[in-house]
Amino acid sequence: MSTISLEPKTLVAENNQVVNESVNFLNHDHSVSSWLLSLDHKRIGILYLVTITLMFLLGGILAGVVRLELLTPKGDFVASDTYNKSFTAHGIIMLFFFLIPSIPAVLGNFVIPLMIGAKDVAFPRLNLLSYYLYLIGGVIALTALLLGGVDTGWTFYTPFSSTYSNSYVSVMAIGLFVVGFSSILTGLNFIITIHRMRCPGLTWFRLPLFIWALYATSVVQLLGTPVIAVTLGLMVVERTLGVGIFDPRLGGDPVLFQHLFWFYSHPAVYIMILPSLGVISEVIATFSRKNLFGYKIMAFSSVSIAVFGFIVWAHHMFTTGMSPYAAMVFSLLTFSVAIPSGIKVFSWLATMYNGSISYETPMIYAFGFLGLFTVGGLTGLFLATLGTDIHLHDTYFVVAHFHYIMVGGAIMGYMAGIHYWWPKITGKLYSQFWGRLSAGIIFIGFNLTFFPQFFLGYLGMPRRYHEYPDEFQVLNVFSTAGSSILAIGYIMPLFYFGHSFFFGEKADDNVYGATTIDWTSTTSPPSPHNFEKTPVVTEEPYHFRLKESAVVSH
Amino acid sequence: MSATNELVKDAGHAHHHKDLAHHFDTLEQQHDANLLGMWAFLLTEVLFFGGLFAAYTIYRYKYSAVFEEASNHLDIKLGALNTVILILSSLTMALAVRCSQTGNGLWTGNWLVLTMVFGFAFLGVKSMEWGHDYKVRLMPGKDFFWWQYAKAAKDMHTHGGGHELPDMKNVKSDTNPELGVKGRQESEQARLFYLLYFCMTSLHALHMIVGFGIITIITYYAYKGAYSPDYYSPVENIGLYWHFVDIVWIFLFPLLYLLGAHLVH
Amino acid sequence: MFDEFKWLPEQASTIAPEVDMLMLFIVVVTVFITAAVSILTIVFAVKFRRKSETYIPAPMHGNVPLEIAWTFIPVLICLVMFSWGVKVYSNIVVPPVDSLDIYAVGRQWMWKVQHPEGQREINTLHVPIGRPVKITITSEDVLHCFSLPAFRVKQDAVPGRYSSLWFEATKVGTYPLYCSEYCGTEHSRMIGKVIVMEENDYQNWLSSGAESGQALQGRKLFAKLQCVTCHTGNAQAKAPNLEGIYRKHIPISHMNGKKMPESTIVYADDAYLRESILYPNAKVASGWESIMPTYQGLVTEEELLQVIAYIKSLNQGQTPPRVDNTPTPAAIQYKNLNNEVK
């Protein structure tokens, strides 16, 4: 690790005046290798930020292809195989290369050590390795797409994927195998960091809820991801060797694949949403200037969502011919996840009650999150209920449900987090007007895109159809129109954040008056080693109190 | 700065133990973090192998008779020998860890080398087994050949015939459709057994090979005197890893080799 | 496009109103809670907006009655949803005993439907109104899903096994049949129609252009495939008598080569009959040796359905005579090591 000088840099401006600029993690070394080989968790977080933004754009373009095709009932935009490859690629990229890393790898990496008073994560070299595993996995996956794509759907159901598909399934599976290890190592790193690197006085029940959320997420990443690695491995073995693990003609069981696959992939969706729940807790507390209602219950609810998430996987398989008794058990267990989620929503509302609420962009995203996450979670109940799931399974209702949770929930949480910590990361302010405007556009575009899909699903329109009966066209047109608005909303931040990075006003160390030590005890941007002196925590979090100098709100 | 956080400890770099990484505050914290990290990693490995064990369990129950018959054709003596070898290697590994804790660099290195010797012996025996399986066409690829082999072996045992299996060089493989249908299902089921056998033992062997790489590096540092009572985490961690590899084998051996009535033959 | 537009699907089966009612209940709960959360969000955001930079609200330390209420009321609602869901689900999955049996085989990218009386159709299913119809479903290749939104039922077509769904149509008309499990290139085109007819019209349709019945075809196969060689139905038979075997309880001595306890009994349903033909060793009837050859690869799924239909129809004393001079087909002969035919 190169030594870093903490001496203030001396700059000479054009008029020969000497300007002192304090050293922070962004400016202390500008060389390419100091970025690409950095062991600094903050820089690694930025590397992830850049890469996943590119992945998001790619996934978004693929979504555009899908929605454009669905404007008309006939398959007249792209060929059938192209469409099938497009929705497959959209799913794989958005889930594995955007959503799963998003908050943990970007915000988690950046914020966790700052929030617990540590100088870095427990294993900085492992952290860098995680990033490169992600990058290599991404390159392999993109190679699979460029070679010709995969047409199995992101779920890779057998025997189609193991025996019948002529696309580049094995290459893609290898890419996912590699990126899975990135996820496992990140989770491992965070768990040890949170266990062992908290500063003095920071007991478990003084941890900010963002840390609890990431802890629960990391446990799921650690335990669930190896199973999908082995499952994809077995599928590739079947493809290459022609053995019958999942092929019934050779004595195998196609439904076994589904069990193994969903054993990971259901907890995976909790990897995607739990961090967002943590971000929203931070945002609502800070912008209501009030302690989070029911702190301990909130912490436990994150952990219980993670635990329950492991025992409900077969609710994706109610129509496979499984035993009705097993179906009833899984249905009941699935309802159990709804309770902690509901408690969280009510607790956030209770936090806002009697608070002092300001309308910065992160809070606007949090408002949107409350509504959209509620809809997403409640529509899950339709699918947990056996009597209705039979009708709704594999229809657009399911598509609408999971987009409400993953986009309306997880991505809104991610956006809230980026907007919240941007001044801390860059030391610059961004335009609140444009931030709030794009949040509003995203909210409107999102609802217009996905709300009609609930009706489409109830009418019976199956998933993964690129041609459909005429009666479904009206709702599909609304949906596509909404997606164009959504796209605009997502592109806008590129502009105002770009402007902020180069020309933005300088941000104070604690712009919003938060109470967590990432805001109170570090500069914006933080210095390379985070803290001048190790902080000591003496109180529960979210303890707002009046300060001598009023905090400047922005 | 907030009034809630008093700044007490100086996080300066002045007095720094040579083995203390800069992001840790104390050696104890570093040791605890490394240990917990390795346990967490081993937990993921349990789930990694667990997926294969799950698939194996399901098919073991579904096709019990063929799985038992197939298991009989694995060499139980070599398997038992390997088990003993691996347990001995765990012993030498534990001794290496103990030596590193007392700062005995020479014997840390020596015990680690001995561990690798046992490990290589294990892989040697395994290669012999696989070589034999390849020769009798039990590799689960296109050339897999079960039914007539099993029938012949059964004939050999029951009729007390010669010890030579019939010459199978010119007999087509089971996947060849011309061969006929009788036993083809059994053949597929047996092929599944061998596939799971090779997948699980290959994954195990791969873990051993990765282990060799890491042990080599640690042995080098041990001989250089890098480990002391203050800092022996790398040896302790590779010890944990090696014991895990051993435990996986302890599960694999009975599940793969000891099905069915071996002793009856 | 506005001509065909609909908000809600038709209710064309007895179970559809039950499903819709349950759906309505969950919709009401969803709308209520969403509205409450949204309204409270907006109201709180406005009412408690920041009016002064120097005002810090008093911290709130929990409210036990409120927390108990917002935990247990959702638990109650979830339990109601769950139980109601199970009730509807049990009506969906348990077909009435006297259902009309129809068979559907999915393959890339079409549905092949067979009626017991012999009518075959592609991508169309004619059914009578007012009678329970049970569709037994399988696939020849990859996963498909037989989906009937107007009847609110669907079931995956899994290769290598049978699954089933049932419905009783309540309205004459034409309704869509979709494949709702992604199955490859032409998944979107695997669309068909269900045509519900009055009973008389259905009978007329059946008799017009109907081929000889399924069971009759099955009888021909029973002879051609030499089943009749061993299952002769007389005292010298080498294999169990199949007369009246359907839906009986059969004592089993071995499963896949493994000896089973004395009391092991299986139920001889369609899946059992299919399994016994393809995997004769899976369940060996007590008192018989396991010498039956397998027919895997020698019969298609459609032929299997025909043979099974025949066996189901076989009553006392009806086993056909074996014709003695018919040679055993080469494919199911035993071959010893010297490739001699036994």
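To keep things simple, chains are lettered A, B and C as they appear, and every chain counts its residues starting from 1.
Assume a residue touches a chain if its C-beta (ideal position, glycine included) is under 8 Å from a C-beta of that chain, and two chains touch if they have at least 3 such contacts.
Predicted model only: the values in this text are computed from it and were never measured.
By number of C-beta pairs in contact, the leading pair of chains is A-C.
Put simply, the chain nearest the middle, going by average C-alpha positions, is A. Taking each chain's centre as the mean of its C-alpha atoms, chain B lies 43 Å from chain C. The geometric centre of chain A is 38 Å away from that of chain C, both derived from CA atoms. Residues of chain A in contact with two or more other chains: 253, 543, 545. In chain B, the positions touching at least two other chains are 63, 185. In the complex of the two chains, the chain C residues touching chain A come out as 1-2, 4-9, 18-19, 22-23, 26, 29-30, 33-34, 37-38, 40-42, 44-45, 48-63, 66-67, 70-71, 74-75, 78-79, 81-82, 84-90, 92-93, 108, 141-143, 145, 147, 149-150, 152-156, 158-161, 163, 176, 178-189, 191.
Of all residues in chain A, only 73, 75, 80-81, 84, 151-153, 157, 159-160, 163-165, 248-249, 253-255, 288-291, 293-294, 297, 319-321, 324, 327-328, 331-332, 335, 338-339, 342-343, 345-346, 349-359, 367, 370-371, 374-375, 378-379, 381-382, 384-391, 393-395, 455, 458-460, 462-471, 473-474, 477, 542-546, 550-551, 553 touch chain C in the complex they form. Listing the residues of chain B that touch chain C in their complex gives 62-66, 69, 148, 151-152, 166, 177, 180-182, 184-185. Residues of chain C touching chain B in their complex: 256-258, 279, 281, 293-294, 296-298, 331-335, 337. By the touch criterion given at the top, residues 1-11, 22-25, 29, 32-33, 36-37, 40-41, 43-45, 47-52, 54-55, 58, 63, 140-142, 175, 185, 188-189, 191-192, 195, 199 of chain B touch chain A in their complex.
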